[in-house]
Amino acid sequence: MKEQGIALRLWKDRVASLVIFALALIPLIPLFLILFQLFSKGASSLSLHFLTSLPRPPGEAGGGVVNAILGSILLVAMASILAVPTGVLAGIYLSEFYDRLLPNMVRTAADLLQGTPSIVIGIMACAWVVRPLHHFSALAGSAALAIIMLPVIVRTTEEVLVLVPKEIREGALALGVPRWRMILQVVLPTGLVGVATGILLSMARVAGETAPLLFTAFGNPFLSWKPTEPIDALPLVIFNYATSPYADWWRQAWAASLVLILLVLFLNTTARLAARKMGGR
Amino acid sequence: MKEAPMEEILKTQDLKAYFEELEILKGINLSIPKNRVTAIMGPSGCGKTTLLRCFNRMHEETPGAHTKGKIFLEGKDILSMNPILVRKMVGMVFQKPNPFPTMSIYENVLAGYRLNGIKLRKEEAQGIVEESLKKAVLWDEVKDFLHRRGTFLSGGQQQRLCIARALAVNPKLLLMDEPTSALDPKATRRVEELVTELKEAVTIVIVTHNTSQAGRVADYTAFLYLGELIEFGPTEELFTAPKDPRTEEYLTGKFG
Amino acid sequence: MESAKTDKIFEILTRSLGSLVLATAMGGFITLTILSWPSIKAFGPSFLWSTRWDPVQGQFGALPFIVGTLATSFLALFISTPFSLGTSLFLAEYSPPKIGNAVAFLVELLAAIPSVIYGLWGIFFLVPLVRKMEMAFNLPPYGVGGFTASLILAIMILPYATSVIREVISLVPQELREGAYALGATRWEVMRYVVLPYARSGILAGTVLALGRALGETMAITMVIGNRNELLRSIFEPTNTMASVIANEFTEATSSVYLSSLVEIGLVLFVITLVVNILARMVTERLKMEKGE
């Protein structure tokens, strides 16, 4: 029998704790660096002028990203219009109707879409919208974003709704309420916070997506409201400016990133606060 | 309050236990006699499990829990020792059987060595496994599949495996926290028989809320109520002639 | 009667929209296959192992990008896993609840930062840093390259692995921990011999999931990898991944076979992430079965 001394074991235990503490804290260093640099480099270039004016040609200092801000908002809004009703109703299908084969196939398809790289989804949207219209468009961009949102909304809706207790459903049905009313007016409202959380999180995610917009929305240095025209978006501007050779555009890329992260964090934190509120109930 | 036992193995002195602000044990003075079975009984919430968990310092593993007072194991104050050393001398069997699902039956019996970084020679290890499983009266049932995982065993077998695991490290004291509460009547009886057999080799403290179980297995019984030790004595005396009216009420089923 | 009809309509509506999800996934796969057809026909399976990517001559092979993707993803996983494991243990076992919640919030924040912002930070902070390091080690001071991309990826995938691993560690039954503590084990011994073995399939699932993320990551990589279409010989060289070459060249692809080759890379990427995700799912299914759910 060979026994390790207690001192050695306690020493090992202490070393292990220190290593684990270090492993948990080191990843926060890049996070703080990124946030710190975003705020320090971005804030100095952030101004009303930047938020309200259009880009200027390369080499010319000044200009802003109003087109991209509005473009991002429009893209996310259009994507939501496409994805939210579809996703919620498809989620209802998965949680409320008991077909034999289809639900599992839909689930698998949703999981598959969720795991698909966004650049590949960009190719799909390009093939389905850009090619028939023969040019890049806001519609194609929002279609790509909608395909990314869709599986998230479908699965969250399903997960939230199956948790609604049987008693609530039966209580409604016992009152003679038709099934569709029971689902839309009793079950869905019960899980509404959870569904809304899923929607907001998916919006936060697509607001920062760049890859699927490269060859769908494409970018546009002018203000545009037309769904059939190319449109700009904050992530596209950041990408184009950051990889450009102009120092003034680098500065603007930081400022645009600050705007984007504030937008994303706003959506993200709202969703998480809502979720926490629900969890506390 | 009690007649002095011949030889005591564990003694508490004004032991108080807390969860955050809440005082669960309110100054317990108790002596556990050596090589006997002592039952701690009382209604739920009386602190009997907490008392047991103080004896091997498991109480402090719960966040917010702490203790005051003294506990002497063979004269040494275990509250001032390293908990790891305490637990090597004091074994524990839990309410729910908890064999480690990632280890085989063989490894489970030896877990007390492996987890403590003790390396055994193969013959040594085999000897310990066989001896411990025999003590726990499980050997005949499992000897042919020692290297399979213990998860397929029945609840009663799992609990006896946990007893073997605790016995394998030769503890001075074995704590059992309602060891039969998750078992069916037949498995319960086997564990109870085992407890009576084991007292030759090891001192046992068993927590139970079942008075008839205390009557069947225990030489001594302590009755705890609302964090206080109400009465302690030889089981027969305490059952036939309780000194405190609360003990009598509990035994006749008026509460708990 | 009226309500029965509306019920039927509602059911058909939801079923059609459910089918739409299925159709999107299947349609996506079919579309990618159709659009890749010219390339599949021209190069056959050798597309997968040819190293030549020459738009001028119209010769296309995807090996440099497949290698680039696998190399950066696995290196990222290798760098990231100790940290995700450590963070998970910290959150589930070591930290007091308040600090744990704060750290968990911050780790989730890592997942919320858009890829393009990681790329921006990569260009202006990490690339100069790696360049300095390369100079110190007498390597060609590219700054950009596979190594830089792996570093960024490692940070980006950490929250995904962590959330899964933390969850499975917190599912380890408390009785097992207590059983081990009662035998006199230290906290580290409880982790090493009881908690980690119990959680190992979950840890594997989290790692595979993170791998899936890494394989498909595009923007941050595109911005720091150097975009060179040659087979990687050293991880410090500039290269391209499947995703980054599509991002870079898709809008510039002039000939149809060029475009089709890019789509075929997308198809390969789609299939690889599909396989990895199925793998992750199989591990979690096995996990559920083991736990008897």
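Think of it as A, B and C in the order they're written, each chain with its own count starting at 1.
Heads up, the rule we're going with is that a residue touches a chain if its C-beta (ideal position, glycine included) is under 8 Å from a C-beta of that chain, and two chains touch if they have at least 3 such contacts.
The model shown is predicted, which means the values in this text are computed figures rather than measured ones.
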| item | value |
| --- | --- |
| Neighbouring chains shared between chain A and chain C, ordered by label | B |
| Chain ID, smallest distance between chain and overall C-alpha centroids | C |
| Of B-C and A-B, whichever chain pair has more C-beta contact pairs | B-C |
| Maximum centroid distance from chain B, chain identifier (CA atoms) | A |
| Geometric centre distance via CA averages, chain C-chain A, whole Å | 16 |
| Chain centre separation in whole Å, for chain C relative to chain B (CA means) | 49 |
| Intercentroid distance (Cα basis), chain B paired with chain A, Å | 54 |
| For chain B, residues that touch 2 or more chains besides their own | 84-85, 116-117 |
| Per-residue overlap in chain A, given as positions that touch at least 2 other chains | 9-10 |
| Chain C: positions in contact with at least two other chains | 186, 189 |
| Interface residues, chain C side, partner chain A - complex | 3-4, 6-7, 9-11, 13-15, 17-22, 24-28, 31-32, 35, 82-83, 85-87, 89-91, 94-95, 103, 106-110, 112-121, 123-125, 155, 158, 186-189, 191, 212, 215-219, 223, 243, 246-247, 250-251, 263, 266, 269-270, 273-274, 276-277, 281 |
| Residue numbers on chain B that touch chain A, as the complex places them | 82, 84-85, 116-121, 124 |
| Of all residues in chain A, those that touch chain C in their complex | 9-10, 12-13, 16-17, 19-28, 30-31, 33-34, 37-38, 85-86, 89-90, 92-94, 96-97, 99, 102-103, 105-106, 109-113, 115-124, 126-128, 147, 150-151, 154, 178-181, 183, 204, 207-211, 214-215, 218, 235, 238-239, 242-243, 250, 253-254, 257, 260-261, 264-265, 268, 272 |
| Chain B partner contacts - residues on chain C that touch it in the complex | 96-97, 173, 175-176, 178-186, 189-190, 193-194, 197-198, 200 |
| Parts of chain A lying in touch with chain B, wherever the complex brings them together | 1-4, 6, 8-10 |
